[in-house]
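Okay, so chain A shows up in both of these, paired with chain B first and chain C after.
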Partner chain A sequence: MAEETLLTDDFVRQLINVGEVDLVVGLCTHNNSKTIEPIVRAIQAGILKCFPRERAAIINADGGSQDGTPKLVTGASIDDVWNASKVYALRTLHAISTTYARTPDPSTALRTILEAADLLRARACVLISPDSTTIEPDWLQHLARPIFYDNFDLVCPIYRRKRSEGVLVRNLLYPMTRSIYGYRVREPYASEFAISSRLASNFLNQEIWKQDWSRMGPEISLTITAVTGKYRIAQSFLGTKVAPGRSTADLVSVMRRTVGALFSSLDVNFPVWSTITGSEPVSTLDGQPEGMPESLRINRKHLRDMFASGVAQLETVFRSILSPPTFSELQRIATLGVGEFNYPADVWAKTVFEFAASYHRSVINRDHILQALVPLYRGRSLTFLLENRDGSVESDETREESLCGEFERLKPYLLEIWGNGK
Partner chain B sequence: MRDIVLTELMQAVQQMARDFAHYLPRLVVMLIIAFAGWVIAFLLKLLVRGILRLTKFSKLSENAGATQLLHQAALPSSTELVSRFVFWVAWAGFVLLGVSVLGIAGLQEYISRFFLYLPRLFVAMVILFFGFVGANFFSRAALLAAVNANFRSSRLLSISVRVIISIFALSMVFEVLGVGEQTMLIAFATVFGAVMLGLAIAFGIGGQGLAREFLEKRLVRRQKEEKEDELSPL
Partner chain C sequence: MNELPLKREAGWYKDSIIYQIHVRTFSDANGDGVGDFPGLAQRLDYVQELGVNAIWLMPFFPSPLRDDGYDIAEYKSVHPSYGTLEDFKNFLAIAHERGIRVIIELVLNHTSDQHPWFLESRSSHDNPKRDWYVWSDTDSKYRGTRIIFLDTEMSNWAWDPISKAYYWHRFFSHQPDLNYDNPAVREEMWNVMKFWLELGVDGFRLDAVPYLIEREATSCENLPETHAIIRDLRRKVDEQFPGTLLLAEANQWPADLRPYFGDGDEFHMAFHFPLMPRMFMGLRLEDRKPITEILQQTPAIPASCQWCLFLRNHDELTLEMVTDAERDYMYDLYARDKAMRLNLGIRRRLAPLLDNDRRRIELMNGMLMSMPGTPIIYYGDEIGMGDNVYLGDRNGVRTPMQWSGGWNGGFSAADPESLYSPPILNPVYGYQAVNVLSQRRTPHSLLSWMRHIIEIRRSTPVFGSGSIEFLYPANHRILAYVRQLGKETILVVNNLSSAAQAVELDLRRYTGNILIEMFGRNIFPRIGDLPYLLTLGPYQFFWFRLRRI
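What follows is the complex of A and B.
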């Protein structure tokens, strides 16, 4: 276990009462009373159904909820689940909770759960998002089994998603992580995943928590640590995922947590990623990612206007981040109407790489660089919507592969501009 | 008569020669001090330039927007400008020190005033620089926040932030330098008041439509937008 522990004496006492376990299911919460009860029941059902012989504990790391979320986690009765499933656990199922801070901090929350799992000597630790209202008991099996029986160290999820969901993941996080680190992990920023005791222990001992990028986005940093450390990674199909609704203001904070962490990771991992070319597939279990056809009522004109307004208003900012040809191309795209709007994959990949290089060189304040990416992301989202408007799920997949191909093709360009400027 | 004129003339020449002989060593000392001062100031310039390059001062200056401003005014880079400033201040100090050796009555006071003024000049420069840094940082932060919140007059907001911070920094600089303190205070208060009054009038009268649009967007259109699907990034 890491020398500097986060765990309070009271929490350690609770953990000692639990004793050693095989499986820890972690829940990082903050004011999730509306969704948490069915999720806890699904977890309990999953443990009863899939791991009746294993010793298991549900651990909740709470960031100062005011709506009684921790009580709902620890007080959820397993009797209802027993009655419904007619399956009884052979072991006591523990549920304990700790409040790690008065305000939520994803990094501390994850660290608390991993330290607790380490203390309990759990063979696997599964993290479940308190927003995952579509969770099924089988999710636990899909995530934890590859660790128990196939010696994988990290199991990331694959979902069945609506086309309007995961836009940032599909257009930036996945293609860029894949081209940079050379592994095709579909959900590098996973809200549900499973981790082995070996990786968790190393992750805790690496003092990675002291680094900015790890604090910004612990989920993506865990994936990157597993990839760069050559751990065994798998991805498992879970089922339908419905993302929680987010407001426009959240988009900037999402950028910081995901793209900010990814860009920051490039600084420290340069010796690793600079030598990687191409990408290799990751073992995929239980199915392939699926898209759900849906009729969307997105305000396309609004997206186009926000992109065009951003390009016009942030000209001085973009001139210090982007190369003149890329910025000229953006200005041209900004003149297009909604009907013919197209932010091509190669220009998008170049834009992202130039942002990453400018972030590395800190040409302006790093947070300002991330904020400046938001209007451009909106433009790319519009193209993504227009491209996938009438296509089949298969053509979605083809386009996604083509985008990833552009990122991989342009990786030498990133290396070229990395230290030399535009 | 002729002898008397010659004698007086000789005495005057002798006096002048004595005075010159009296001042000559001081003049030599002054020249030596000025030369040594030039050498020290030159070394100081090299040292400052080296330190600024090591600490990537030009990058900070670029981030602050000072480089663009200097470029537009056809001035050298910020690193060069600061090192030249150090050189001239140091050399001027040594020259004045040399002049004081000459013992010219009345000049001593001005020289001591100059040395007392140097710390103020330095503080004023620091305030000016950080004023530029602050104005640039906060105006860009305001611009980005406004653009991402889809605020229509983003650039106006950003420029306003920049102008207000710059005026504030300049008024502080003048106060530190002691240049027209009262005038600057009154000018600052007038300009600041005028800007605020202008904004109030603009929002009150000129910005009726904008205010209506803002309120409609907040209170009325939100209900419509809720019915539309939203893109989820994650």
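What follows is the complex of A and C.
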């Protein structure tokens, strides 16, 4: 029986018409009709403005939208860009779309785009989130130029964020990725990034797609692949990023895609990360991460209660995951009132590492482990938000660096518990 | 008036293929190092063999030659270096015997500053010819007028120390503009045209026509009064010399050019200047967009009129009719060496522009021959001659025709040092490598291929007079169009890419037809209801005749 193919005949036909390109801008959509049009226009303007001579195509991988998103992508007229910005197109700019499945699957979506970019021999592939309503045409330049002109293989974004946003990245994904893999990539789970043909091709050929961790979080697996493969990584300042509003249910799925993928990656990459100590800075272009001052309204009681009830209700689960001293410490924190609540960086780092080790050993169902982390993350979020509310923007950075330091300091502890149980 | 050996049927120019020649550069019969009419007459066998059926001669009138003859000092004679009026008549007769029409160049807008008219005009303010030129006490009139030769001219006014006044010139300062507001000038220029028409020439390429009239607070281009003058000339030509071609040289946007066709009562033909750079651009971009875009912007013209298409000519590849971004792109891709740039253009020949890539040269000629218009071939491009950008001005594309690998490339028996211009000598494009004699002997030479495509083009009237409809296959590297005239339908498919391409063409309206490839006469599958799939090699093109059998 013939092997199942990823790209449909119709999509291949569209790719034939596009032909060889220099730049692919990929979108992974699913019911994004409310936001997609201005984003496509910004992409078009970015291509015309920043890469007027390069051959470019916009490729959309859609996960079964019911709201007409693919048509909005392919139907976005270049004339609108011309009228709005007076940027003239030297050449044809294709926008094509394929529906890879009836339900969204981020892994298949990204793979579809990278396979298409590889077929078109694109020198760079930029991924843009269909939620990024603050996108500016210059984002393409910030992301793709380092690949075109400075031979970088992966360009991750740095954003100007509200101080209350990016909590998961700043408290777990960044510090843990940094301590584990030794590179200071601020947004290891990026919704915007650029990738070179070299890395994309390697990524596709390694069949990482067949591994759980890659299917769970394709974006973070891309970063980890770049890091472990010693590819040249840069991060580039894009500007303001506003996070889309998410429900509690979303948080669990985000945990699976991000933390789950990160934890899973540790299994296969143990030989690599176990020898790394400390961390190296990554080339940072066009600016530094910025926090936007904001007047925070924190529902402290709600977060504290979620944490405390989680610690109480999931005691059995936590006792199979965490070491007794760590769990005792969490129980102590759970007794703190809203006024004095504090989930310190060292305890948080230890908690995360113990979860990672338990995940590795699958002490209970792995998905349950991730779900159990959610209430603890709420508690850490409360501490983070309180600290950020009271401190200056500059002190945010100091605290973030301090947290990362704790993760790096405790990495030997992770190695110690990795194969030995608690 | 001479008896015309060639019947001038209406619209003859539509099915013509024009060969552009400069007498000076083509062939030297008397061995003085300069091409001449007797030399040209001797080479008409070659022109006939090439298959073209019209010649456009660049200015051959007496001139100080400070602008290669576009600075005319006497309108009714032949420059002594090129021969005599009798030599011209002899050449004309031989051309007509061979079925080749002759279009000569007439510079209406200006003369040389050595022309007797100007010498008289500048001699005193009271001279009867004073008003034959545009004089002013100040250089502040017509301030809104652009300067064409930006590299050499600071102003459109030049101070004349003799008459102590400024005179108007749109081109070089040694080329004062004639004053077409003066009826005497208009009458005299008609007399000039009549003189040559009575000798038997078949048409005029009228140089720099948009600039005949000046008016304050205008661009001094394309003015209604200019059109009135042209209409008057056309009327006289039609009445007294029917079938005479008037070809406009007006480097303008298509919409601005359209009025020069009038209601079919001004020019018969006009050069499509904006198309040419976009063909080169489309080739480099590997994208049909620049070409289809400009042709979409090209307005319809009266049925009796025709566009004149060209790839290269005696001037620089002009980039006046492109955007700044397009011009930058063209410079970077086609003229990286600044010596190749002149004014707002690129002074290079076809073959060097295309990196001497035979496939690209063929593709560009294929498009030239199949698009709606009358094609012009610049002398030497049919064998892939090179250029010499170090010769200054546009002289680098006006070097001696390369006839053989022998003495002076067969152009002249003179000492090489005495030639009007050094021939191309480099190992790639020099006359020992690129010449008519060797290419005549090779069936697969560029010259042989050009003869073949010209033959096919001439035997296919639909190319000259048919309609055009662009197909827009999703593959943007493919430029495809259907030419139609009566019951004849031709499908043209061009691959602008350096890589092989697959394309699906929507030919459902021609379902049931088979395709006959016009070069090899091979049959391709019948058109059905499904998209017609074609694969094309790098820079390949197809011409298909559609037949319902």
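A few remarks follow.
One rule holds for everything that comes next: the second predicted complex is superposed on the first by the 417 of 422 C-alpha atoms of A that agree within 3 Å, B and C clash if a C-alpha of one lies under 4 Å from a C-alpha of the other, contacts with A are read in each partner's own complex, and residues count from 1 in each chain.
Simple rule for what comes next: a contact is a pair of C-beta atoms (placed from the backbone, for glycine too) under 8 Å apart; a residue touches a chain by one contact, two chains touch by 3 or more.
What you see is a predicted model, and the numbers here were worked out from it, not measured in a lab.
Partners chain B and chain C fit side by side in the overlay (superposition on chain A). Here chain B and chain C are compared by how many residues of chain A each touches, and B touches more. Once chain A of one complex is fitted onto chain A of the other, the partner contacts of A:252 are limited to chain B, with no touch recorded for chain C.
Of the two partner chains placed by superposition, A:143 touches none, neither chain B nor chain C.
Contacts of A:238 after superposition on the shared chain: neither chain B nor chain C is touched.
Angle at chain A between chain B and chain C, computed from CA centres in the superposed arrangement: 140 degrees, to the nearest 10. When the shared chain is aligned, chain B comes close enough to touch A:166, but chain C does not. By the document's definition of touching, of the two partners only chain C reaches A:16; chain B does not. Superposing the two structures on chain A brings chain B to within 39 Å of chain C, judged by their nearest Cα atoms.
Once the two complexes are overlaid on chain A, none of the chain A residues touched by chain B in the first is touched by chain C in the second. Residue ranges of chain A in contact with chain C, taken from their complex: 13-14, 16-17, 19-20, 52-53, 55, 88-92, 94. Residues 164-169, 189, 191, 243-246, 248-249, 251-252, 254, 258, 296-299, 303, 306, 309-310, 313-314, 317, 320, 362-365, 368, 371-372, 374-375, 377, 381, 385 of chain A touch chain B in their complex.
Of all the residues in chain B, the ones that touch chain A in their complex are 59, 62-63, 137, 140-141, 143-145, 147-150, 154-155, 225, 227-234. Per the touch definition, chain C reaches chain A in the complex via residues 281, 285-290, 323, 325-326, 329, 473-477, 497, 499, 501-504.
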